[in-house]
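Multiple structures are listed underneath, in structure tokens.
Both complexes shown next keep chain A, but they swap its partner, so chain B is in the first and chain C is in the second.
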Partner chain A sequence: MSETTVPLTIAEHAARATPDAVARQVRGLSDRAIAWLFISPTILLLLAINIFPLVWTVRLSFTNFRANRPNAKILGVGIDNYVSVLTDPDVWAAMQSTAHFLFWTILLQTALGFALAWLVDRRFKSHGFWTTVILVPMMLSPAVVGNFWTFLYQPQIGLWNYAVQFLTGIPAASFSMIGSVKLARWAIVVVDTWMWTPYVMLICLAGLRSIPGYIYEAAEVDRASPWRQFWTITVPMALPFIMLAVLFRGIENFKMFDMVNLLTNGGPGSTTEVASITLKREAFEKWRTGYSSAFAIILFVTVFGLANIYVKALNRVKSR
Partner chain B sequence: MTSHWPRILRRGRMEAAAIVIIAAGVFMLLQPFSMSLYTYSFVTTLSGTALFTVVSKFPE
Partner chain C sequence: MDKLVARIAAVAAAVMTLSLAPAAPAQTKQLTLCWAAWDPANALVELSKDFTAKTGIAMKFEFVPWTSFADRFLNELNSKGKLCDLLIGDSQWIGGSAENGHYLKLNDFFDKNGISMKDFMPATVLGYSEWPKNTPNYYALPAMGDAVGWTYRKDWFSRPAIRKEFKEKHKRDLAPPKTLDELKEIAQFFQGRVIDGKTVYGAYLYTERGSEGITMGVTNALYNYGFAYENPKKPYEMRGFVNSPDAVQGLEFYKALYDCCTAPGLTNAYMQEGLDAFKSGQVAMQMNWFAFFPGLYKDPNVGGEKIGFFANPAGPKGRFTQLGGQGISVVSYSNHRDEALQYIKWFAQPEAQKRWWALGGYSCHKAVLNDPGFAKSAPFAQDFLTSMGMVKDFWAEPSYAQLLLAMQKRVHDFVVAGKGTAKEALDALVADWEKVFKEDGKI
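Showing the complex of A and B:
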């Protein structure tokens, strides 16, 4: 009589593959203990790469430590580093550059993102293809974007200057987007807007598609004009999603480093020196590790505060 | 079952207050008008964040 073989489940395969010595140790453990056994490597990793550096940075922020002089005596300076950062006119100027970058990128990305979402939501012919095309910039790496926009902004060979010449008549070689004090701030705003408007569009599109159709039908029965429908139905109902996009882009752009570093490196002078570029200079060019740790903690607390508001807004959207 | 938690200390209201303090701190950090506001921005944001962390554990 032939023996019938029953296929093994994944758990049975795993049980058979486990060496006897390990199996003997695991057998008899409670479900809770096994759960802890599985998540403990992740918790250890999190402690090692997130929590420990944070605690260490807080500790360094109260000292005069300099990373280029590891053998020098480390002295506690109390809150002196925090006082220095918060009374430094250069850091305040960097914060204002960050504010300019934040304000204009959020304004432009929200306006353009919502407009694009509204257009894509019309479901015109081949809207799927155009949605994919619009989404391409946000799929690129910021390093790649920074490099190729550096070429696009070249006064001699860059496409941007020729496009401006074509549209306005201003000679292409007469201005440099990333070399000019007046234009450099706008150069980084343009690139960030180009890259991240599709992301805002996606969030707004989710908001627009969550509005039930019967509300518009009821409005049409009441003879509400399309303009009135837009301001009294579309905008209020999509507003939590727009707020979510604004907060997310706000947090991301507050920390902006890679793209600005590649495009202008804070220049010309310190025109585009946003907070993270100043932090890098203090930490790795001037080697004021204690001072830059205090600066990093100030930025961290700000981002953490904004993230709290973001989570609150996200929960409100989820509960809708 | 009715909660004996004081109405003024309910989570929603306290979280809203914490959010206003955080937003004020961020504005003070980024504004170009007054160095004094900039100097006290961190303390404001830190208080708002600490308050938010505490009150988010309060009952509704």
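Showing the complex of A and C:
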């Protein structure tokens, strides 16, 4: 009589491999306790690197602490730092710059991203190749992009100025994109749009591809024109994806730092000094740690609040 | 097979022999010296080989580009880091570093080892070593003398056609300017001129916004027009000094010079951009630190006979220039204080100082500077001496960073962005500075 061997599952292998001493201890634990055991390292890590710094920042925001004066006495200042931030004209100027940057980048990226996605979705010949080409800018590091656009914008050697000269006849050396007060804000909008439109395109493309073909077929049967199909089928059904792209880009650009820092460093003057650059200067150049903590909390609450409102709107659109 | 076993045994024996052999005497002591990554740092690496040869203490260097120099090393000091045993920090850091205990006070060490501050140029002792200013409390040894100076294209200035045209236009010879007005005239003369088929520009000025650039540039006009940081009789009283009518004129002059005579696009430019502009033959005159002049003089394209130097020209209210340079300090958190002090002692010796100058560093020691042959030892040596005799420095208070960033913002807003008037910019600057000193409890 021969014995039949039943293949073991992974769990059974693991159970057999567990030393007896450990197995005895684990046997006494409930499923819930084991679940906690598994997720506790992650929770501890999150507490250490996310929650603790947040709580600590809130605490610092009510003090006069300066990180460059370790020996100075730390005093509680109540809500003085919050009042100072909210009444500081420089902070409001920075918020205006941020708003300008946010509004125009999101508007342009959404419009161009959706248009590109719509074109790519036509599945023309070699559309795969062109999709890859379009995606290249977003694969680059913002530091690299910032650096090479600084060269592209150079009035004497930059290709941008020569392209403008070629197209409009305006002499290349007669204007400076990142040095002019009037143009600098647009210079950073152009670069961000160039870099991140592909990302919006990708999300919109996912939205467009998720629309079932039979809906268009039904519309064709009903003799709906392509224009009507676009506005009554394509746009409404892709809208949750577009809104998701706007949310992602909004949060990203609200805290934009690296690219602006490399391109203009907030200049000329303070023309392109977005909130994150002001925050960095206050925190790590002026070393007003308490003040900058309050500023950071205000920015966090603003982004968090706006994102929450937006997500509710997004859910409403999705449930329609 | 036997052969193979024999070979393996031989290799194993060799490895064992090597591992058991007494190691060559290793340099166990090592010092880390922190500074900026620039030409003089290379000279210091060369110079420090003498120290290692003499003491057996190995030297390690941590050089950081100027753009992140302050961020990097102030963070290091604030976090009581042990990376740097010796730090060549900016002159403006002395107040904060002394008051916060980052630098070791060197008075006792100097006394014990016969190092006298009288052996160093007074302006450098005041600028790099003392805190509070004008008191005999030393936290650094003057290490690298520096000031803002100018370079010009001597070859362009000496071209007969250009000289003739300039004389016809301005009724004087084309020569290095003696006043700021002359400097502007020359800059205007060269602006947009085509030389050797290339459009060139008048002058290169500091305009950098992020760290200290535009402040280090504009002060060369402000001082000479009568700007003062405070009432000499009443410390921290700034109204009427920082924003005096003379100071307003000085700021207007810098903006006028920026508007009329600089190359397009240089709206956020500091030392490196100046070097690039000059080396690429873009500008007739360049404002920059003396520290770069040895390197420029050696440049194959614009150096040698093609380059000339001059000290900052006079303004209506005198002739001054912005102090640069640094002192060398022992970081109080270092685990190698004794070795670091040994380095300071060695560096303070006249022989080391003479070699320092010969290698391309700017010594502050009188044994070097008062040497009869010094002025002729390099084409820029006399201008360096002249400049070091008329330097002024920015605030060195513990809150210097806040004071500096306020000035960067106000001045850049006016000069580069054209926001408001010079008077408004300086009024706002006074308000910013008063706020800082009030927070510090100084006023």
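Note that in this section the second predicted complex is superposed on the first by the 264 of 320 C-alpha atoms of A that agree within 3 Å, B and C clash if a C-alpha of one lies under 4 Å from a C-alpha of the other, contacts with A are read in each partner's own complex, and residues count from 1 in each chain.
Methods note: a contact is a pair of C-beta atoms (placed from the backbone, for glycine too) under 8 Å apart; a residue touches a chain by one contact, two chains touch by 3 or more.
All values reported here derive from a predicted model rather than from experimental measurement.
After overlaying the two complexes on the shared chain, residue contacts for A:Ser30 are found with neither chain B nor chain C.
By the touch criterion stated above, A:Pro268 is placed in contact with chain C alone, chain B being left untouched.
Contacts of A:Ser126 after superposition on the shared chain: neither chain B nor chain C is touched.
Greater residue coverage of chain A by touch, when chain B is weighed against chain C, goes to C. In the superposition on chain A, A:Tyr82 makes contact with chain B only, while chain C stays out of contact range.
By the touch criterion defined above, A:Asn308 lies against chain B but remains apart from chain C after alignment on the C-alpha atoms of chain A.
Once chain A of one complex is fitted onto chain A of the other, the partner contacts of A:Ala67 are limited to chain C, with no touch recorded for chain B. Legend: residue contacts after superposition of the two complexes on their common chain; A:Leu102 is shown touching chain B, with no touch to chain C. Shared interface residues of chain A, touching chain B in one complex and chain C in the other, do not exist.
Contact residues on chain C toward chain A in their complex (touch as defined above): 70-71, 74-75, 77-78, 80, 96, 100-101, 199, 209-210, 263-268, 282, 398, 401-402, 405, 409, 412-414, 416-419.
On chain A, the positions that touch chain C within their shared complex are 67-71, 90, 153-156, 173-176, 178-179, 181, 264-271, 281, 284-288.
Taken in their complex, chain A has these residues touching chain B: 82, 86-87, 89, 92, 95-96, 98-99, 102, 298, 301-302, 304-306, 308-309, 312.
If you check the complex, the residues on chain B that touch chain A are 15, 18-19, 22-23, 25-26, 29-32, 35, 38-42, 45-46, 48-49, 52-53, 56.
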